[in-house]
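Next come two complexes built around chain A: one with chain B, the other with chain C.
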Partner chain A sequence: MAHDEDVAGSERTLYPYVTGTSVIGIKYKDGILMAADTGGSYGSTLRYKSVERMKVIGKHSLLGASGEISDFQEILRYLDELILYDNMWDDGNSLGPKEIHNYLNRVMYNRRNKFNPLWNSLVLGGVKNGNKYLGVVTMLGAHYEDNHVATGFGNHLAVPILRSEWKEGMSFEEAVKLLEKCLLVLLYRDRSSINKFQIAKITEEGATIYPAYSLKTFWGFSAFQNPGQFAEGTW
Partner chain B sequence: MDPLHDMNLDAPHSMGTTIIGVSYDGGVVLGADSRTSTFSCWFRVISALPPPGMYVANRASDKITQLTENVYVCRSGSAADTQVVSDYVRYFLHQHTIQLGQPSTVKVAANLIRMLSYQNKNMLQAGLIVGGWDKYDGGQIYSVPLGGTILKQPFAIGGSGSSYLYGFMDQAWKEGMSKDEAEKLVVKAASLAMARDGASGGVIRTVIINADGVTRNFYPGDTHPLWHDELEAQNSLLDVLSSGGAACPEPMST
Partner chain C sequence: MGSRFNPYDNNGGTCVAIAGVDYCVVAADTRMSTGYSILTRDYSKICQLADKSVLASSGFQADVKALQKNLSAKHLIYQHQHNKQMSCPAMAQLLSNTLYYKRFFPYYAFNVLGGLDSEGKGCVFTYDAVGSYERVGYSTQGTGSTLIIPVLDNQLKSPSPLLLPAKDAVTPLSEGEAVDLVKDVFASATERDIYTGDQVEIVIINASGIKREYVQLRRD
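What follows is the complex of A and B.
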């Protein structure tokens, strides 16, 4: 039977190799806060433990990615070129998060149409002229904006928490605490997460990617002590 | 259906090798086993061909390949794919060196490897570790696994044998090792992996790269330490019996 590689010129990516898990993003008083762990999984092995999955783009945006790391690195190269040409105009204008989001959407959707997707879910956040922006683009080319977003497992575990506890105009401290609450749940329940996180912030002043750190976990529920006490063989 | 499409997507391709790269203050030490095993054609099984992954086609291969005077690459995965990728990158780097007027940096070499791995990700099965020394950033190790991700690391492991080394390296690798400590670690790790991985074996080759140049070392199987459940090598049972060391078993009778 003919395989896609055998048909002249056609190619498709079938599956990812080195992957990153959830990215979470929220709007807060001064701008956008984003969080992700620093893990790169290889199948079920937690192979790489220091992968930076959030990067600053231009002057106004932050990009976080889950999915295939090599495709994320390639997207960063595309964006490098985009920003370079933008700077070369030297006209005082600069691409804002809305424009970058749109560009990424075009790239991802066009690749999807060729059955050769960039295997990522992207979170694009930023601030320009006082306007906060936070959006997502998936490997299928689906895109949307919201006050709080997440990718992968984060959609199932973090978004419900954010829907319940996010509010307009949170302070930096409140926002970090909220992100950490989500990160901890993901650490407990997402098999591909690791206990090494980075938080990134973008405001009108600029972007900061904070150094990686770990969170304390809690195991002190009495029910955890002897789960088989009343039901032998339970797990 | 056909083997290409019903692979377990959760299990990455295993590669018949153990490769290691460790950086130390002043340079890098690269190490690898020497076993190349066969892979029959997936689509047909012919009795005349050796069974897949079972025959050792070369028991003394050199998996640490030179790219430039100061940069080498450890190859795992398809022997053919990695040879061809190395050849292309060596060619590009040669031109780059001429145009630059000085030795190429390790970063450039690693990124060329990445470029070929990424752009041909659908066709290649190549897990590579690039290691070398340059005057700007000293000793560096770059991992380029399947898919073409590039990651700079203080040390890297790869190949099927590396599965057995994650825990070991987590415990044994320390910041700020000397050249000798780094090489000892590489040899110990390769030896442990070869003890458990059927697809790794033979001799351990190491390549040390630093400001002073490149040193190649060779550790044949009989120089490795013995691990759990392994026995000292003998010339013959007859020697064992004559030395009277092992208790001579009584003949069994019903």
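What follows is the complex of A and C.
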């Protein structure tokens, strides 16, 4: 089948429909923390307001997704099957974050090779045998690891904050404070983000996805109240 | 929607290799970018494929990774079948064939392969994305290559490949001089190429084995 064939009627993601915005992930003293809002945008319409974009995978991993929500849900089905088949060995071994990340790399790259991509940027975090792991996979299959990562707008707005303020061995409280600072910047400047956030953590003891909550905003800056004041020719 | 899905990206990066009489230096920066964003400042583009062959690659990271895995798998089979490490010139031919195999959906990867040949002489092989290759004395590939190649040409003046009888394409520099030259060309490329920077990873291959060295570059 030539790739330039008319694809009408065939099933492939040519562009995303319902999308989630940035995911942020950082390492801290006991493991990994991840944060994302719960919005699902239909183009520029805020279509869904409580989509969980972070999920626990197996015993040691946490997956966060931005991009096409339906593709993310399909990825979760693949991973459920993967974990199920892994459990069936019943040998006491379980897939760690490195293995899950590697699996996702192969799935994403394989789909791009078929010109039928899964339209997501994925953040994978986890802890196994005392090793913290934090990585990203893009829709084309490009992947990397780092101490702090962010997808989409987060790469522009959150990463610079993380680069200057993240440090090795932060406490849970410090790390949450840093994530909230990033989320607030994203809330102010990323129009598709919403003020309903979730934070998720994973440590050697297991994963917790905290219930959604809002951040306190302040819109009283004069530039917010009268944005056109010093910009002649605007209204 | 008239636009079609684009399966490629350019994650940037610069690779350099220099061959001497009894050594080879292979180097690449550790920045990984997309567009105007830096994804990470610490991503190694260098892959050791055999005892005496080291591959540095830039281009599209996912393709580069797939290429490296493919070559490593082939080399594992080679070791089982021949009970020895592949020579650098053999690895060079394998890389060419591997790239050409995907001639009509290429790996977007720009490679320089460095190492020692079966006589222990330094060798460098330089490629395009679809597998054309050539043995040279020195080479550079990737986003900063246009800034680096004239400097290497000027400093290392390799003998013309048209000369008869053919002359060895190894450089006259000592190992230490070659490493210093690599540091200089990377520092220079970093000044003008936004896709090059953060750190340069330098791998030195000689009779006594493989050494690694890192030097900081501008991070802006």
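As a convention for this text, the second predicted complex is superposed on the first by the 209 of 235 C-alpha atoms of A that agree within 3 Å, B and C clash if a C-alpha of one lies under 4 Å from a C-alpha of the other, contacts with A are read in each partner's own complex, and residues count from 1 in each chain.
Everything that follows uses one rule, which is that a residue touches a chain if its C-beta (ideal position, glycine included) is under 8 Å from a C-beta of that chain, and two chains touch if they have at least 3 such contacts.
Keep in mind that this is a model prediction, so the values were computed, not measured.
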Touching partner for A:N155 - first (chain B), second (chain C), both, neither: second
More chain A residues in contact [chain B versus chain C]: B
Contacts of A:Y144 with chain B and chain C, given as first, second, both or neither: second
Touching partner for A:F115 - first (chain B), second (chain C), both, neither: second
Partner chain in contact with A:Y210 - chain B first, chain C second, else both or neither: neither
Partner chain in contact with A:V136 - chain B first, chain C second, else both or neither: second
Partner chain(s) touched by A:Y15 [first = chain B, second = chain C, both, neither]: both
Footprint overlap on chain A, comparing chain B with chain C: 14-15
Chain B residues within the chain A interface of the complex: 2, 4, 9-12, 114, 117-118, 121-123, 143, 145-151, 153, 163, 166
In the complex with chain C, residue positions of chain A that touch it: 4, 14-15, 105, 109, 112-113, 115, 117, 136, 138, 140-146, 155-156
Complex interface listing, chain A residues touching chain B: 1, 3, 5, 11-18, 40, 42-45, 47-48, 50-51, 68-70, 73-74
Contact footprint of chain A on chain C as seen in their complex: 1, 4-5, 7-9, 11, 32, 34, 37, 39-40, 42-43, 60-62, 65-66, 105
